[in-house]
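Pasting a structure here, questions to come.
Labels run A, B, C and D following the written order; every chain starts at residue 1.
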Amino acid sequence: MSIRTGIVGISGFGGGEALRLIAAHPAFELVYAAGDSTAGSRIADRFPGAPHGLADLVIEKWDPEALPELDLLFASLPTGASAEALARVPGSVRIVDIGGDHRHVDGWAYGLADVWPERIAGQRRVANPGCFPAAALTALAPLLTEGLIAPGTIVIDAKTGVSGAGRGGGDGFGYATTNENLQPYGLLKHVHMPEMETTIGLLSGGSAAGLVFTPHLVPMTRGLLVTMYCRGQATTAQCRDAARAFYADRPFVRLSDAPPQTKWAAGSNLCFVHYAADPARDLVMALGVVDNLGKGAAGQAVQNANIICDLPETTGLAGMPVWP
Amino acid sequence: MSIRTGIVGISGFGGGEALRLIAAHPAFELVYAAGDSTAGSRIADRFPGAPHGLADLVIEKWDPEALPELDLLFASLPTGASAEALARVPGSVRIVDIGGDHRHVDGWAYGLADVWPERIAGQRRVANPGCFPAAALTALAPLLTEGLIAPGTIVIDAKTGVSGAGRGGGDGFGYATTNENLQPYGLLKHVHMPEMETTIGLLSGGSAAGLVFTPHLVPMTRGLLVTMYCRGQATTAQCRDAARAFYADRPFVRLSDAPPQTKWAAGSNLCFVHYAADPARDLVMALGVVDNLGKGAAGQAVQNANIICDLPETTGLAGMPVWP
Amino acid sequence: MSIRTGIVGISGFGGGEALRLIAAHPAFELVYAAGDSTAGSRIADRFPGAPHGLADLVIEKWDPEALPELDLLFASLPTGASAEALARVPGSVRIVDIGGDHRHVDGWAYGLADVWPERIAGQRRVANPGCFPAAALTALAPLLTEGLIAPGTIVIDAKTGVSGAGRGGGDGFGYATTNENLQPYGLLKHVHMPEMETTIGLLSGGSAAGLVFTPHLVPMTRGLLVTMYCRGQATTAQCRDAARAFYADRPFVRLSDAPPQTKWAAGSNLCFVHYAADPARDLVMALGVVDNLGKGAAGQAVQNANIICDLPETTGLAGMPVWP
Amino acid sequence: MSIRTGIVGISGFGGGEALRLIAAHPAFELVYAAGDSTAGSRIADRFPGAPHGLADLVIEKWDPEALPELDLLFASLPTGASAEALARVPGSVRIVDIGGDHRHVDGWAYGLADVWPERIAGQRRVANPGCFPAAALTALAPLLTEGLIAPGTIVIDAKTGVSGAGRGGGDGFGYATTNENLQPYGLLKHVHMPEMETTIGLLSGGSAAGLVFTPHLVPMTRGLLVTMYCRGQATTAQCRDAARAFYADRPFVRLSDAPPQTKWAAGSNLCFVHYAADPARDLVMALGVVDNLGKGAAGQAVQNANIICDLPETTGLAGMPVWP
């Protein structure tokens, strides 16, 4: 089977990772690539290691009304840039939007694939979660659905590699000042908070009104860790049991015995979850690790695409993480 | 004035930073250096950039009963290695112990220099705080003394560069696996917790029994950030006012308007503190940044030595951070 | 077809990369793993992202006389450790030795796969080139065979990521002192020189007696670049034409228009070659880039294994490099 | 003595390092700072660790005709931006130009301070060498003046940290794509070549017509190494003797026994030189290490300023390198 596939936003890091995954995918055939800053280049001009079969594909200027015949489109556009444009893509084209415009929007399934595959199956429009929510919600879901933590008490201390800021991150992400530097930002008001509040509410049936979320920029290219502190009386064993049951059949979530390291997930679609609780302190800790460009972006997008194309979920995603 | 000064533990990172600071200090004259793994080497063999005046000093095997005439000794030994040995140093020698054996121990002042200089002045034995407590307690002290947070509710999410693990950190800190990796460790039970609990109790008059502390190893050589979440009804302005008043005359603490970055402190003895509060969420956030080898080790040690030697506190410590 | 495959030396970086490639290989089935320092562990204990099918395989203590039935063995042992042991492996087992003991040794094909596939096909014993020779010789081969450079005049200025030193690299490769540091070593006498001299002689029919080789340790985990300066009157166009012809049908060698960057090859089996010449200065420059664990170790090993197992050379090796 | 000092280009990395050194200098008093992108900010807005005495100095828009009364001006402007503007600075102001416009220009001393202090003393206009020439020429000078190498045969393989590209380096220097990447550039035609050719000619009395220079961008913030290959029949001992004699009284050049590492010089004005020769291969290798912002920019600028202000050369520059 060959599924005619396109990528828009291929010059960004999320789009580039989608290219890498699609190039190795046995069913998705890349027939269209678009990107504003790179339009007119060949794939090989931007990705010197592209396979010979894709090297000469010319990157187009993005125009949703001038698409070739497509079965599937991955969109990796800056926030605000996809809502209007994707509305003009023919309904026959399945879309996975890696960008932020369609999360918890009517007509779009929210693609938290390890948690809600059944809500995604059969859809034609899927909104990929943000990278921070992908890690946080995957680790929290078993606790929230089992009522092991109070949904209004969650503190998320998040750390991400620099590629999360995207290729257009600008001066603030220059090597000389980002290296050997750890930078907290967005205190009390990060853009990902509403997405997490909504999802926490859906998972728990309660309110996440007290949510606290603090992202930090870590001097590394890839990798994302959330360290979460919640109030609750559950034991570590109860948390682990809940996660083991919740993810019993899910191929990409790994419950780890030791606190997970970001490099464990590098280049993969895996999500590592870990729990540590102390009832005496009314404390449940939940940790989640993903590659921000893998499960946090293109990996989960391919997983979602597999689901809506009725392919086995792991198709093209079984590769081991890169170590070291 | 020349103060005859020694360093024991010069082969470690803390001892090496002490050497750098002492070499630039106008009153401390290095006359003795000891270190087990490097005994017999010249200073210049281990520190190729040492000034000519120190280059030929030979590193001795550490023997507290065979010291030359000394006024001041900096000890930077592994935990457990200094208690017995330093007891054998003549009482006439002032000691600053960078290691962990004498914190909150009778007969030793606890050298949280920016907070309690008056407890340090006039002492002959000072125990330097650990690197995590140095950052955390300096940021918390104004809040605790003013009663702006509940002392039993503090969550410390801490991040440190790799030099915090010391030169003898071993295989776990090899470049290939530490680079591009972020590693949480010591969940619920880190060795620095009792030191922090005791100090929080002293500062607040209350109990820190609910303290939560989670360190993370960040792929950078130097730098340490604590992101702290406390319950309290104070506003950001109240926290800032408290810190401004508390540190009005203190030369090394900077209240920053923006969330501080670790590189701001690189190579210096500065501590940056920052606050953000939201009464609606019953939340007070306090952030502290230090160089783990500066204020977190050798910088604070030199500050303590200045205090006990009746020198201006900033002597030899006024250098700007290295940027970028 | 399922080829029963083993790895010895799985705890090292080369062995670990072999595992990653074999796990994704459609014909090689991993049935045996051995490693001294990790014997007794499960694969998943050391590689948390291993696929479920391999997770429970127990790592054995290496004993060449207690092998299960194997068709193929990858050996990634320290120099000096494989010569005697591999001699005791049954002759029916095909072996690719990633280590250094069998290069240019009787009875072993020298596995410079992009250059000499025909010498490898049909063999049962292949010695993988070292990582520096892999990059250098692949870039030089077209020039040497066409006589475009004088073989006795080659200066190789080489730069490698830290994983090239192996997991057992020891204290010299700790993060704190390796980061933000560039280290030349082995001036005039590196261990890889004889291998390169011999191969240059074979390719050119001349003597490489004047060869100069200087490796440098670069603060990055993966990646290897050789910048080579040779005497010759060829033009850039002649060099490029020679390489284009030489590698016309070879799938893994890319002639690049711009100077190649190490990250272009990350995680892949690609080798990028580039040429720049100036007859007025009697100068031909040749550059080669590989991933030291890919084409420089496990990638080329799998390529060699494909060749000796009569599989298409690119089987399991077609993945795009990881970017960024 | 107080020397009224200004910096133009303070927003760049070279200007920022000049600020750090001047802040610690006992004779230079900073009274003026200018920078286009940061005009209107206070020093503390851009440099959070600035000492209290400098924190409130406002950065001016650069206007050479609206200077306050100055004794000394450090200029760190992009190439092409200083020639015309500095001509309008009053002749009474001593100028050290860190930028590239005045190297080997009439009326400007070439500030290769360790080699030619006597040409600098008494001047009012000094052009600082480029960062690559600073390292290369300091290592080559003893060999060239003693005739130990053939001046027309020098191959310079150079490696620099990313701060060498300056703060305005742009997209090419973003963290995500620069990290874990080693990038050669400017093959056969780098902008620093004429400066080096001219200086080599002056030092040797011969022609450097065959000079080859290849820079590489290394994933580190600071540090610069040149690995140089020359033809010559000198022995290692002869090269070392020549360097030892040449730099007998010079405070900042260190002849090292082992190949020098870039981190040895971090944050300092030191230059490490090292030699290895093999007459049988007609080869003399010379290595030089500097901090590209220290001896390669602001450190050497302060050294030059000390010389032209009749201060001891090491004033304000005696600090040990930062390690680790």
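Side notes on the structure shown:
Definition applied: contacts are C-beta pairs under 8 Å (C-beta built on N, C-alpha and C of every residue); 3 or more make two chains touch, one makes a residue touch a chain.
The UniProt protein names, listed by chain, are A, B, C, D = N-acetyl-gamma-glutamyl-phosphate reductase.
Please read all numbers here as calculations on a predicted model, not as lab measurements.
Under the touch definition stated at the top, chain A and chain D share these contacting partners: B, C.
For chain D, the chain whose average C-alpha position is most distant is A.
Chain D has its Cα centroid 38 Å from the Cα centroid of chain C.
Centre to centre, using the average C-alpha position, chain A and chain C are separated by 34 Å.
In chain A, the residues that reach two or more other chains under the touch definition are 13, 161, 163, 176-177, 179-180, 219-222, 260, 266, 323-324.
Remark: chain B residues 13, 16-17, 19-20, 23-24, 47-52, 163, 179-180, 221-222, 251, 254, 256, 260, 264-268, 270, 272, 318-324 touch chain D in the complex. Per the touch definition, chain A reaches chain B in the complex via residues 155, 157, 159, 161, 176-177, 179-185, 187-188, 209-210, 212, 214, 216, 218-223, 225, 227, 229, 259-263, 266, 276, 278, 281-283, 285, 287, 323-324.
Chain A makes touch with chain D in their complex at residues 13, 161-163, 165, 167, 169, 171, 173-180, 219-221.
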